[in-house]
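Letters A, B and C mark the chains in the order given here, with residues in each chain numbered from 1 onward.
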Amino acid sequence: MAGRGIIGRRAVLAAGGAALGLPLLGRGRPAHAQAAIGMQLSWLHSVQFAGSYIAQDRGWWREAGLDVTLLQGGPNAPVEPPVVSGTALVGISAADYTAAAVAQGAPFKILAVAMQKNPFVVASLPGNPVAAPGDLPGKRIGMALANTPVLEALCRLNDVDASAVTVVPTQYSAAPLLNGEVDCLLCWETDLPVAMAVQGVESVTMLLADHGYSVHSQTYIATEESLAERRAELVALLSGEVRGWEAYREDPVAAARLTVARFPDAGLDLATQRLQADRQVPLMFSDLTEARGFGWWTEEAVAANIETLALLGRDVTADLWDRSILEEVHGA
Amino acid sequence: MSPGAPPEVECTRLSKGFDGGVEVLREIDLRIEAGRTTAFVGPSGCGKSTLLRLIAGLERPSSGAVEIGGRPPAETLRRAGLAVAFQDPSLLPWRTVRGNVELALKLARRRPRPRAVEDLIALVGLSGFGDARPAALSGGMRQRAAIARAMVTEPGLLLLDEPFGAVDELTRRQLAQDLPRLWEARETTAILVTHSIHEAVMLSDRVVVFSSRPARIVADVRIDLPRPRPAGTTADPHFLALSDRVSAALAKGMGDRADGLAAQ
Amino acid sequence: MSARAAAAAFRPAPNGLAGAALLVLGWEAAARAFAGTYLIAGPVDVLAYLSGNGALMARALSETLGNAALGFVAGNCAAILLAAAAQLWPRGRAAIAGLALLVFCLPLVATGPILRVLLGPGPGPQIVLAALAVYYTTFVPLLVGLRAAPASWFDLVRSYGRGPVTELRRVRARAALPYLFAGLQIAAPAAFLGAMVGEFTGAERGMGVLTVRAMRALDVEATWALASVAALVSILAYAGIGALAEMVLRERPPVILSPPGAAGRGAGPARGALVLALAVAAWWIVLEAAGLPTFFAKRPDDFWAAFVTAPDAAAARATLLGALAETAIYVLPGYLAGLLLGAGLAIAILLVPAAAAVALPLAVALRSVPIVTSAPLLVLALGRGAVGTVTLVAIMVFFPSFVACLHGLRQAPGQVLDVFDSYAAGRVARLVHVQVPAMWPAFFAAARMAVPASVLAVTVVEWLATGQGVGSLMALSASLSDYDMLWGSVVAVALLSGAGYVAVGAVERRVLAVYAAEQVAG
């Protein structure tokens, strides 16, 4: 689960100290191995990336001459460095992160959009619900301070006084909500609410995307250099992705089963994966993808993204999105 | 010159002061003959041990020079041509008696000499304690182990700093009989620092008496008693006469200090 | 009691079973007190989880333990080599110690991605991070240990015309053993935790991966089962090393007599500048040699540009200094709390040996439970204010101080304790007159180690709980690809640690000139 989720998912854990490793221990893989391709996932293996597992499991990439390695993410594994350094050809990012990286000089383009709707929600308990942005004032919200711009953007979009909301910096967990430290959480539709449901706790979620917050998530990014020089590999990789996700759509339960079976050491639990698989379907699939295929986006969506990103302090143009690979994949 | 050949030792206008302006030795001129045993006697804290450490090259003089066989002490050190039995036995607690004695051979880059090691251990009266660690020994036994360690490399120059301080009286007498035989047989140049007039006269060919700090030489007594010197030597009138001379010199050296204090 | 009671430093006391039972009871009580918070699971629930998921846990454990073991060996070997080099090359000592400190200051958020890109998807980063988590806490005590021998032993070696190498082999190596064992005991939980945290950089499997997932999934049983296994492994390793130490170190410590030397030159400004220059050169050379893109591996000139010459440099500086000021406020109280907690616990165990049965396993457990697991509980109990922050920092920092001081107290010379025995002197008298003075070198080693540890710990707490300061800034910068600010934060953390280190050194020289002249000579 990439995304602006929380700083916890990509950020520091400086405990124990750390360092500039042993510099010459290894140079990693060569930047451009022949058919060996890395795809950097944005989080730990889960049904969040099940489309990729299906593509790999059914050999669609192998048939296209690709040997794809899915590189797992983690709390301290940002997506951008491996893509810039060439360790990964493609990374799973989100429009806001990509915009930030581009502002820092990374030559990224967004090639496809898995989550049409941003998965951010404000989650609360039914006894003290946040059902609409207007419910936020007076509430204590648990989140990473780094996500303050998200909250502010939501409030601006809905004419709510952001200063009336108390931000409590918390780890990315539902526990602060359940033990009463906060009234609501800023989190993803597909993780903490799912965890609560599996523990038997019903929660109320307010999807930010339903209240004007338009930021593409789980986007496929690559460098301009790769776009220019490795088009064939990119097309083959995304073709597999599209087929995988279409298969996922057909049968999310099978996708959840495959995920659990594929990673026996990951501590995955089928109930959680099934629920997560169900909950991400409406975020990823719509009439648009029905019509144009998985990963597609419209100019209107890009315009809305640019507007929301501006509220987040990111000035981008429509050039950030490059649909040429996807057009080849879908034969448009 | 082979590492073991006994050298002569020459101190020229040797002075030593420590930080804080404490002057320990002032302009000592002293020539120590090769192959003889010389004892340094003087009041406690007068600087005898410092002189010994200067000769051993463990300290640098503030001025003046020490030469061993015409060379600076550092060269003798490099050849492992000398050995020191320290006042504090300084045995390595994690090695056995034998291990500590053998260590000297290793440090001096000599071949192992198991027989010699055992003989020396026996000679210093530690038979049966070769496998004991220092912690299991009495203070006197530790000192004897340190003496064995000093002697095992058969150094040309042997420096003994109060080697019998913690040894009981009987053993001390025995050692005073046995040890000199060893170093005399090889004509070792030996320098012995001691408080004991008896020990100094009994063991050496010459006794140098120092004043209190800063140390000066107040007497230089030649001990012309025949060798070997059996236990009965201590009753010999000549022994007693020599002891009296040393004793008188020592008293004079300490008197100097009293005068000095009175003058201040 | 003397040496015998102090030997408790190495192993759980014989009444360890009773102590363990007490701990488990306390744990269960805490779990009940916090029931319903989704923050803690008691031993009963943990056992139930383990019995149902034994195979999964065993696979994860073998992965993490393997990486931790390799990191433990590599890190400690590096520490031994560095300490030996610093001893043999006195002029390079300041540079080696300075660079060792700076490398230890580098936070995971900066190194994680670099290691992953350099070493690929395998266990490389986990092993390196485990090694990095342990080398410094072995290196610092070793520096002390290599000097902890009576001057007369060195005279002995020199009287045979042998030099520093022989000294090192025959005398210093052995004299340093108690300090080496202290370092190894500190390293045992640190290596395991380092390997776990290393898995946060995108590892495929292991206990760190499972911890991240379990916490996200509100799976408290799994979270605390993982923490319990980590703690148990660490306690066993700690006790094992202690048993080994007891087998090897049979002699009573010697009286270390050393003439007061004309010593006491500290890291003067010239040396400080040299270390800084070397650090900058190493920073540049390492990243260039590895061929890492400047996008995320910023070079010194990028740093200079971002914070000095760029048009928005003033704003960047203001952001960084503002965050640094927020962090600095908590560093000193956190540092002192950790150091004093460690030293105090060590002394308490000496005065009340029976307390060791509870205190030792508790100390190791506190150190080996990942802070991401324990922090939410402590935050709930103590709040996000000064008390909570300082407590969290102290918990992350105290362990090396505790172990080093415990070993330091044990260096009280046996001969001197005998003299006290002959007067039937009490525990407090021994403590005040013999054991604490004997502890000073180890205490100051602890004080040095605690400097970077507390700075890093404050940044972690800022990220976990307060959302302020450099810790929060680093997290934010990393998530926004603002690697200029991230590296700027790394520099700030390193400079803060360096300043603290120099300050500790100044105090150390004054104290040790009296109590352990051999430590400050030359």
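Here is the rule we go by: a residue touches a chain if its C-beta (ideal position, glycine included) is under 8 Å from a C-beta of that chain, and two chains touch if they have at least 3 such contacts.
Since the model is a prediction, treat every value here as computed from it, not as a measurement.
More C-beta pairs in contact connect the chains of A-C than those of the other pair, out of B-C and A-C.
Distances from each chain's CA mean to the overall CA mean are smallest for chain C.
Taking each chain's centre as the mean of its C-alpha atoms, chain A lies 82 Å from chain B.
Centres computed as Cα averages put chain B at a distance of 48 Å from chain C. In whole angstrom, the spacing between the mean C-alpha positions of chain A and chain C is 36. In chain A, no residue reaches two or more other chains under the touch definition. Multi-chain contact residues, meaning those touching two or more other chains, do not occur anywhere in chain C.
Chain contact summary for the complex, chain C toward chain A: residues 36-39, 53, 56, 59-60, 63, 103-121, 124-125, 128-129, 132-133, 136, 190, 193-194, 197, 199-205, 209-210, 212-219, 222, 283, 286-287, 289-293, 295-296, 370-372, 375-376, 380, 384, 396, 452-453, 456-457, 459-460, 463-468, 471-472, 474-476, 478-484. Those residues of chain A that touch chain C in the shared complex are 4, 7, 10-29, 38, 44-45, 69, 71-78, 80-82, 84-85, 87, 97, 100-101, 103-106, 144-146, 167-176, 178-179, 181, 191-192, 195-196, 198-199, 264-269, 272. For chain B in complex with chain C, the touching residues are 19, 53, 56-58, 74, 76-84, 86, 88, 90, 92-94, 103-104, 106-108, 133-135, 153. For chain C in complex with chain B, the residues that touch the partner chain are 150, 152-153, 155-162, 166, 170-171, 174, 250-252, 254, 257, 260, 262, 414.
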